Amino acid sequence: MENTETAGASAPAPAGAVVEPVLELSGVKKRFGGVVALNGVSFSLRPGEVHALVGENGAGKSTLIKILCGIIQRDAGSITLGGEAYDPHTPGDAKKAGIQVVHQEFNLLPYLSVAENICFEDMPRKAFGMVDFRTLYEKARKALDAIGLGDVDVRRPVESLGVAHRQLVEIARALMGESRILILDEPTATLTARETERLFQIIAALKAKGVAVVFVSHHLNEVFSICDRVTVLRNGESVMTADIAATTTDQLVTNMVGRQLAAAMAASRDLDTGGRTALSLRNLRHPASPHAEGVSFDLRYGEILGIAGLVGSGRTELLRSIFAADLPLSGTLERDGQPRRYSNPKQAIRDGIGFVTEDRKEEGLILDMAIAANVTLASLRKVSRLGLLNKREETRLAQQLGGEIKLKYGNTADPVSTLSGGNQQKVVLAKWLANNPKILLLDEPTRGVDVGAKAEIYALLRGLSEKGLALLIVSSELPELITLSDRILVMSKHRIAGEVAREDFSEERILNFAYKDERNHGHH
Amino acid sequence: MDTTDLTTAPAGSKTIATTTKTVLREAGIGIALIALIIVFSFTPHFLSSSNVTNILTQVTINLVLSIGMTFVILIGGIDLSVGSVLSFCAVVAGTVMTLPGLDPAVAVFLATISAIVAGIGFGLLNGLISAWWAIPSFIVTLGTLNIARGAALQVTNASTIYSFPAAFNAFGSQTFYGIPLLFLIALVLVAIGWFVLTKTVFGRVLYGIGNNEEAARLAGHNVFFYKVAAFTICGVLVGIGAIIYMARLNIASPIIGIGFELNAIAAVIIGGTSLSGGRGSVVGTLLGACIIGVLANGLILLGLSDFMRQMITGFVIILAVILDKYRERLTKA
Amino acid sequence: ADKPVVGLVMKSLANEFFKNMLEGAKAHEAKRGDYTLKAVGMQSETDVETQINAIESFITQKVDAIVVAPSDSRALVPPIKRAVDAGITVVNFDVALDDKAKEEAGLKLAFVGPDNREGAKMAGDALAKKLGAGAKVVIIEGNPGADNAAQRKLGFMDSVAAGKLDLLDSRTAHWETEEANTVFSNMLTAHPDIQGVMAANDSMVLGVVKAIEAAGKTGKIEVVGFDNIPAVQPLLKEKKLLATVDQFGQLMAANAIDKALGVVAGGKPLEGWVKTDIKLVTSDDVK
Amino acid sequence: MDTTDLTTAPAGSKTIATTTKTVLREAGIGIALIALIIVFSFTPHFLSSSNVTNILTQVTINLVLSIGMTFVILIGGIDLSVGSVLSFCAVVAGTVMTLPGLDPAVAVFLATISAIVAGIGFGLLNGLISAWWAIPSFIVTLGTLNIARGAALQVTNASTIYSFPAAFNAFGSQTFYGIPLLFLIALVLVAIGWFVLTKTVFGRVLYGIGNNEEAARLAGHNVFFYKVAAFTICGVLVGIGAIIYMARLNIASPIIGIGFELNAIAAVIIGGTSLSGGRGSVVGTLLGACIIGVLANGLILLGLSDFMRQMITGFVIILAVILDKYRERLTKA
């Protein structure tokens, strides 16, 4: 299903002739100060359809959704819901009107239990406003079972869950309410194939019940596999709406970016085998790893080494232990053949390592600070003398790197928070490139990044490896790893479960390794 | 095989750990309290029943204020005005209680009501201003701290109010098997606070707001209402605290309560509630208030100089929180 | 409209003692009718800054006379010197400025006020007389560092020596009712045999008496205080308070203002210590 | 044409908006200050040159402490100990300055050094404890508040130190075209603070940590070091503040500085620095300190009763922050 070429419209369009739309928008506009986020969007949603909303980063998808659920108010345009004017002023209004949303950003309560998170909107009550914990746990249990998280204890605090499980908890929460319309803003960005598939089953079931679903994703293959219709947003305008069956990937992409996209995604590269070993791990064990043997592998200059694995297989932890973001429990690390023991990220950075983290907002960027300040954050020594900042040099460096990575921005003095997701991700990359690293660790480098920017990032990464950098890429998107990597290691439960050479790349092989452990241990 | 097995093993073991952790959260502070008691028990008189009565009496007012402060801190706020507002509530109640011609019972009843109403008034003010304009409550309550103190002075023209009904004065020193009645009232308030925070929807939403305000708002909760409510609850407790103060000391004056806010905040934080909100409990606050009370009492009994006492108090406050950190690490490992 | 202006600088107006003083001064202004009063108080006993700022403001406003009860006997010397240099008549009352500091600054200034040490000794002696030699007593002190607190402690110590009392403990409760209650309760635990307490002011007496009541020792422990505030009148009547010292705060400021206006009108500058009245008030004085 | 062209049009206007916003951030508070000055200028004497000297003198100490407090609040901390530590530094310096047999110049020099060293000592203590154990600085500095106060009382046995060299005392009241020398020193400190925070790598990283600690750590910055440094800088300024206090008042005593922390925090927050860290400036702090100083002075000149004064102070603190919110909204639209 990852292959867009073969994907067709898997779900037939609703039978019968014209159905009354449940939701209808026309000419919706929204500005944030000087930024035009929406500039005339028209959109209609029919009951029982799954309607994809696609567009580049910053096209206005999330803004549109925020208007629909009452977080922000539109400046112009009309919206009708079930034929009546609809003008929500609070998220509560939207919920009363039967609209449920899974937002792009996490909206969880980390110290509360999974059950409380799931039922947070409407906790079951007893007399005197007391929480009916029994019902609460039952409901949460059912909700989790329904999305396939049967083994997560509902009393456990959400803070103890990994990123994917958190996303699933959010989805479970949105499914709690009886809704007419379910909006999912990039729900699959943090999920791996298996959870995604499960989600699609749920969507199909809802659809059968007549619920209308709005589905936002940067993965067009997903759009083709579950959606009935698609609307493309570009620069805040709706530029096309079509039945899925009547459109193609190329057509969508062309409409999204407003031009033909080079076939960057598919380009293969020459296998590089000549480089010296840049990094060598022997039995490196993250504190969260249950296995004393840890992880061992070599990474060569000029090589792109992919790391695949299921959610929670310990890939993020592996990168963190290399970078000394978390200190490894045991094992050794060699850099250019020399043994190293970094005691903090600073030493790893000095040693030529960069780390693009998986969560750019929490760990990668300083959102309130200027683009330039973010770009130079890890290389302030380069733009300063005797501790004094050279702002001109800083701006120059930021502009230069911005050009190299094709960053779309207004001014390097603007806060990085004003950029779209994909461009924010590029700033994170620029931050490390500014330091001329020899090794780059990348954790989900294209999460939430649109197709256009993704292609650009791929090209960029290839370019880096051709310049001799050693790249270690963790990704949950197998096509991404397959496109980029020279070699793929598959992790399972904090161990290397297998290695796949480029000539043997196939999703099936990789998944086989990924699931190996579970098969052997055979739960259920 | 199902998609759910991914974290089976860790999840199972983690659950137990989680429960233990929750229990230990309070237990850790309890251990610090017990350690302190053991140290002081070598001091003569410390464990005598009359001294236990003393300690409990001395803990009472701080405890009552700390319960309210817990609500405010849980939603990520802070209330610096509690000491001044206590004073304002007391002089209002004192004025009512000494109105000529009132039947004592009626006077006490009306005074109690008016103290609570005054507390609610300032609680509302704090909550409304900080929630409406999204201003840090630190600065809002620094403002109302001054307003309440000035108002208390203005109302009384700086004089002390006394001569309350005899029954009311007697009530303040009453004990029940050596436990001061006022402390029992405070314990009931702890129980109510615990119940509200852990068992009611209202309480869970409060925690939720402290965890992630935006998420709570997106879930359709009226964050504004809850914030105002937390400050108002704090105001109610300040009002009750004022009546307890009057019952204990038989005066009401515009200069009482100076610095009470820091004591209350210290009790809450030592009790393990996070200053950034979302985590903590009233039971922890109870233990925190007891640590402060035991410390003050024990150091006087030890016969240390006032200056040494102040220094040691500082050390122990820090030490209690450091110990709590080690306990936290232990339970994590 | 050409009435002379008098600036009155007091300590914490939150203290009833100064509030009474202010009322006395206002009544005096109305009665004399030949001067304008501008009064400033502070928010706490230790708020030296506000006092200094107030004096500086009075210099700016070119008042004719400043009457000041200093919160710190040394810190106020430089600003007062500036006021004098600016040609303003200054009278120091209630708490005396430090002699050595005055001398160093080249400042000659009279003090109009009570003898705190003597007053405290009067109260202490009353206690000693009631309890007899060898009685076990404690002192509850005022703010550490405050001159009148120090004087009163010295006065109590004089009584302890003269009356051969057994001093068990001496601690500050910062002039505060609640703190006095706590401190004394705890003292009572450590020394269950306390027979007498000397409190450096009556606000603290209120807390001490309540602690005695709570411990069920009413009548077994004698208390003396200082200030004779209204709130202790019932205690005197019920004999829960043996004695206190009236320093006629209400008249003190009025007195000092009279003296200052005399100088402004061309009288001779004041010198030395113009002692004001103090009087021991006992249960017998209250009916 | 370049890759940057896509958003040029809105971006251009954004840039201007951004710059305007930055300027307005301080300008807004400046406007509040000017409004206050205009209101008071109807009071006789308010604008007289001697009163201006008064105001500047009165602002000085709070300003110096507020500069240090700005550093601490920028990294998301708070320092409640500044008032007590100022007192401790002053008595240490006072003791040194009055050591018998020292040449006055040497005495003053050594005293200044020792005040700053004492300040650094407590700053280090605050920073090390809160950074090492990840304890909220609120509670750590509440502890050191008590420790420093107790230590100051112990060192002096509660007595006031005076008799400083005449030249030192004179220096404290010196003015320069009506501007107090001490205030000029404070202005220099503001300028240094502004320079460090806006022009150096150190300052940049401090802001970064205040905004997003984890991102700063992963970019290779030693968060521990910076946190300790911020508290230490605050300590240095407290030490300098102590010397300024002594020069102005010619005493050092263990009971000075009570409540200074709240004034300093108020100046920082009114000056637009965010209590949660990462946003703000020393220039804003300067304006915030002036607002507080002008208010205190003007209300005395107005001849209002002290009680009214306290109430109005409370109102204005809140009002200033509310006004700032409206300015913020205006600049956003």
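First chain written, first letter: the chains are A, B, C and D, and each begins at residue 1.
Quick note on the criterion: a contact is a pair of C-beta atoms (placed from the backbone, for glycine too) under 8 Å apart; a residue touches a chain by one contact, two chains touch by 3 or more.
Note that the structure is predicted; figures quoted are calculated from it, not measured.
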For this session: Look at the interfaces C-D and A-B and say which one is made up of more C-beta pairs in contact.
Result: A-B
Seminar exercise, completed: Distance between the CA centroids of subunit B and subunit D (whole Å) is 30
Exercise. When the C-alpha atoms of subunit C and subunit D are each averaged to a single point, how far apart are the two points in Å?
Worked result: 35
Exercise. How far is the middle of subunit A from the middle of subunit C, if each middle is the mean of its Cα atoms, in Å?
Worked result: 72
Seminar exercise, completed: Per the C-alpha centroid definition, the whole-Å distance linking subunit A and subunit B comes out as 43
Exercise. Could you say which residues in subunit B touch two or more other chains, in rising order?
Worked result: 149, 153, 158, 306
Problem set entry | In subunit C, residues with contacts to at least two other chains | 13, 43-44, 144
Problem set entry | Chains grouped in pairs wherever the two touch, ordered by label | A-B, A-D, B-C, B-D, C-D
Exercise. In the complex of these two chains, what residues of subunit D are touching subunit A?
Worked result: 2-4, 6-8, 10-15, 17-19, 199-202, 204-205, 207-208, 211-212, 214-222, 278-279, 332-333
Exercise. Which bits of subunit D are touching subunit C when the two form their complex?
Worked result: 44-45, 48, 50-51, 54, 57-58, 61, 153, 158-160, 162-163, 169, 172-173, 249-251, 253-256, 258-259, 296-297, 300-301, 303, 306-307, 310
Seminar exercise, completed: Contacts from subunit A onto subunit D in the complex sit at residues 33-36, 323, 325, 344-346, 348-350, 355, 357, 362-369, 373, 377-378, 380-381, 384, 387-389, 402-403, 406-411, 413-415, 418, 431
Exercise. Within the complex, which stretch of subunit C touches subunit D?
Worked result: 13, 38, 40-44, 46-50, 52-54, 56-57, 59-61, 72-75, 77-78, 82, 98, 100-101, 104, 143-146
Exercise. Which residues, counting only subunit B, touch subunit D once they are in their complex?
Worked result: 80, 129, 133-136, 138-140, 142-151, 153-154, 158, 262, 265-266, 269-270, 274-275, 305-315, 317-318, 321-322, 325
